[in-house]
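I've put the structures underneath this note.
The two complexes that follow have chain A in common; it is paired with chain B in the first and with chain C in the second.
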Partner chain A sequence: MSERSTSNPAGAAPARMPHHAWSIAAFALLVSLPLLVSDPFVLNMVMMSLLSAAAALAWNLSGGYAGQLSLGHAAFYGIGAYTSTLLFLKAGISPLLGMLVGAAISAAAAIVLGMITLRLKGAFFVMSTLAFGAVIHISAINFRELTGGSSGLAIPLQPSVLNLTFANKAVYVYLALGLMAAYYAATLLIAGSKLGYSLVAFRENQDAARALGIRTLPIRIGIFALSAAMTSLCGTLHAQYFLYIDPDSVMSLSLSLNFALMAIVGGLGTAYGPIIGAAVVTCVSLAMQIYLGNQISGLTQLAYSAIVISVLLAMPGGLGPGLRDALSRRFGWRP
Partner chain B sequence: MEIYVQLALSGLFVGGIYALISVGLTLVFGVLRVVNFAHGEYLTLAMFLTFFMYHLLGLDPFVASLVVVPILFVLGLVTERLLVRRTLEAPHVVQVFVTFALSLFLQNLFLVLFTSDFRAVRAEYATAAFEIGPFYISWLRMVAFAASIALTVALAVFLKYSYMGAAIRATAQDRRSARLVGINVDRIYALTFAIGCALVGAAGVLLAPLYPVNPYTGADLILVAFVAVVLGGMGSIAGATLAGLLIGVIESFSSYFLGGEMKQFVYFIVFIAILAFRPVGFFGRKGAEVMDVT
Partner chain C sequence: MATLTSSGLSKSFGGLRAVQNVSFTARPGRILSIIGPNGAGKTTVFNLLTGFIPSDAGTVQLDDRSLAGMSPEDRCRAGLARTFQVVQPFRGLTVLENVVMGAMLRTASIAEAREAAAAVLDDLGMSRLAGMRAGSLPIGDRKRLEMAKVLATRPKVLLLDEVMGGLIPIEVQRMIAFIQGLRDRGLAVVVIEHHMNAVMRLSDEILVLQNGEPIAQGSPEEIARDPKVLSAYLGPNFKADGGL
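Presenting the complex of A and B:
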């Protein structure tokens, strides 16, 4: 499983362009993109790619490095979106503060859920997170007095920094870019730390990890809570970008599935994988929606699921590591 | 008092079909150690097939079952060969997400082919009923219940007394030892998966005259089956049957007293509670579900 880890094996001299140079080049390109492009469709595509990448990076910390395959992360995304929006609409509290409150609630929920379910094995854990996501989704639909039910909540357009609302959509692109860059840096930091190695050790072999004296449950609950809080911040940004939320758009199972699939398609347990996955999945989905979606409903999702199955079977490590291996085999070039 | 008996009876009848759906799911998990998240879509497919045979060919659902169940069996063989077998040795994440993506794939395939309209088999005997004392019993529901229980018993007898059944049980207990004593484990996997699909196909035929079908019907009903399978103990056929019946009764009472809207909410809370407090369920094998953690 060494291909899944991001760091070089100890002692191997990096005789190639270091990771940081690539990251900085890509980052610079993304920074200049909103200035160069004014087409609203392309801008929306970039925004959605970046926001999805941030959410996929958050999912990947728990799902990829610790192997905790959650299908309930949309609940945390929704908690983030609803907490900041409700605090703003009902109490006039700035979303800047509201997003932190949302993150705290999400982390607390993840700690409680994690204490109950993180001792469950594989498929049992997946099902328990699925049930948790469904409980939060159904609650948001049914507690109409608070959440507005299925009709959702609209945020009034009052542009100001304090309201985290901007008339120029390019500002959101920079916010999402900042969030993604921060999550990427956090992933690199954690992956290179003792915590990251402990999580990977546990994922690969629980008994061996325990024999080495790694107390796994507290750190696994911790990373689950961190991942939940990070997902929650993405939810707030989603609400502020669209200025409208409803349970189906911020809490549905398909959203949870998307976070997971982006990380998996790009490369599970790597720092760059979720970014590649999010970019590929978002751009392909939006492009398919334009060319196929209007004719027959379901065609986009049909193609999407077929692509996912093919990637899983042909490149179980994901597109990122898969392409990297293919390039190095063919040209001896490892980017 | 009478209302309670009536609720229990109608719950039990629906529970029989839940049991049949759950038995297929739990059998596949017990032998292949794979949770088939696409199980519900095979139910949807069987219901669609039954519908089209009824409306295009005029075949009665009970006659159609002679065609639908074998079709599902063959599709099970094909799915196992093309997808599931390739995930058995793969990392856990591949196992979970391949069947999940398959579920998404089939759902959208049905959506493209049949649209999201609800379609119902309207057999003239659908509303026929008889009364025993104060209780009102639908013929169709009673027959569906009886057929479900008969199929479950037939499966149990097959597993217990036939040579093939013994081979399936041996594979479920220890696949390496099974291979050592000369069992063709790959064939057992294929057969088991196909039996699971055939059982859910039979459940689909029985459900078709009772529920209208659209591409999401199976996904909704399968939630109940997941609760039943975990409650009964993953891999336990007796457990899944018992839990299926029990959940039918719980559903019948909760939709009478709480209203249908909160039905799913109740399921999921029950589900998390079982996983939290007794993840082995009624008859599950210890060690399959919880890890030793510090």
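Presenting the complex of A and C:
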């Protein structure tokens, strides 16, 4: 519990210039990357890393800062993907509008779910999000007339801004980058605000927070809804990038687990952690699929799990804070 | 400043009558102590007053306002603040950040809250600890941090649950002086304390509980002479002026 707070949001308050300089440098590198790289495999890897980073940042607001470990966030991702896609396919509504509708539905679902389950503590909340995720997943498979069931939905390739569809895949990379940058900025903003402090207070010690007059339930439901809406936007972008969705790719439990895992591996409750975690987890898992994929079945997952476990054993606070501490011990340098 | 009035406060846990018919008034600029053997229901009284546990019967009022049905956080907002006997720091945060969590109640700006928190730490002589992690503090400092957090909420009525437990004598002296300072500023203070010499020096009034029931109420001198209190709690050889 105490490990993960080494870089709590409260710590972000005295802003250090070098920290922002690093963010800007990293952002500039990412901006130039799609121009320099033309290899589709690498471009896909960058795209998936950025999209995952955005989703992990969204998850981290509720899961990391507020300590509300949700294992049902894939449902919001799926609601985003399916809402914009269905509105486009059935009613010809632009995904630009559709993604906002999806975000609103996700937020509403999160508020209802949160009002019921956020009164529950720890494991009970985790279990109820797990159940919520399963219900949405199974519903998408079974409501075949609407969702196409397991065979999924394909979005026709009609490139235009209004259709949020582009022939050049690099455009999606920039969209994902923009989304990620916006989520990163939102995280910093929230972490340095009264809202962020209140969430951390609740996470660290519920009774102490209440005794200090911090009203936790409304803000916890609020951050859960915001996190859900943000995840939902990622889902729409996923659908537009692949131009195909099915319940297993946008709503599965393993997707929910991945959001959580990326934030945990990178560093829970930090703004940069989910980005590092998403990059590492996405690249490792894609590389594993390529190099180990078809040789021995299950080897990919095994190697992947081994890497994740080793990282967490070596750096229980996550890669981000872990590397930071290591650098400062070694060189007295804190990036 | 505000007056806290409790009347007929009662609570049972299953067959155990933890608190029965406890009534008192804590007035601005006065210190009321609640004493009694372990298990007498003292901390339960604080939990009932602050709404952490719902009461079975009785009322709690802050001035003319009934606190019935209000959550602990809303009671704190109204000006009724408490410390915990088992200290409840935000372990992973620094001492300053812990106090900021309290100071946020009275300002929307984190920068202002940090200033207010720093001032409270200064008051308690804890400034040099500001950057330390709360989880790494020794017990004496944790007790003072517990105090700093609630003071940062700018309470009108302050409930202190054994803030002197685990302190060394010199720290007890300082804490007594500090609590007297709060009283002189006009706060109503309710103290639960086992440290009898501190209680005798601090209190304007003492309420004695045994098995959840009030058995005596009065000035320190009256309590020190009360035969029921001597046999239930203080012991027949108790002397009020025993030094520290």
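Some notes on this structure:
Please note the rule applied: the second predicted complex is superposed on the first by the 318 of 335 C-alpha atoms of A that agree within 3 Å, B and C clash if a C-alpha of one lies under 4 Å from a C-alpha of the other, contacts with A are read in each partner's own complex, and residues count from 1 in each chain.
To be clear about the criterion, contacts are C-beta pairs under 8 Å (C-beta built on N, C-alpha and C of every residue); 3 or more make two chains touch, one makes a residue touch a chain.
No experiment lies behind these values; they were computed from the predicted model shown.
In the superposed model, A:I24 makes contact with neither chain B nor chain C. When the shared chain is aligned, chain C comes close enough to touch A:S198, but chain B does not. In the superposition on chain A, contact of A:A123 is made with chain B only, not with chain C. When chain B and chain C are set side by side, the one touching more residues of chain A is B.
By the touch criterion defined above, A:R215 lies against chain B and chain C together after alignment on the C-alpha atoms of chain A. When the shared chain is aligned, chain B comes close enough to touch A:L261, but chain C does not.
Residue overlap on chain A between the chain B contacts of one complex and the chain C contacts of the other covers 210, 215-216. On the chain A side of its complex with chain C, the touching residues are 1-6, 8, 10-11, 13, 192-194, 197-198, 200-201, 204-205, 207-216.
Chain contact summary for the complex, chain A toward chain B: residues 67, 69, 71, 116-124, 126-128, 131-132, 134-135, 138-139, 142, 206, 210, 215-217, 257, 260-261, 264, 268, 296-299, 301-302, 304-306, 308-309, 312-313, 316. Within the complex, the chain B residues that touch chain A are 29, 35, 83, 86-87, 90-98, 100-102, 104-105, 107-109, 111-112, 115-116, 215, 223, 226, 230, 234, 261-262, 264-265, 268-269, 271-272, 275-276, 279, 288-294. In the complex of the two chains, the chain C residues touching chain A come out as 50, 52, 71-74, 76-77, 81-82, 84, 88-94, 97, 100-102, 104-105, 108-110, 113-114, 133, 135, 149-150, 152-153.
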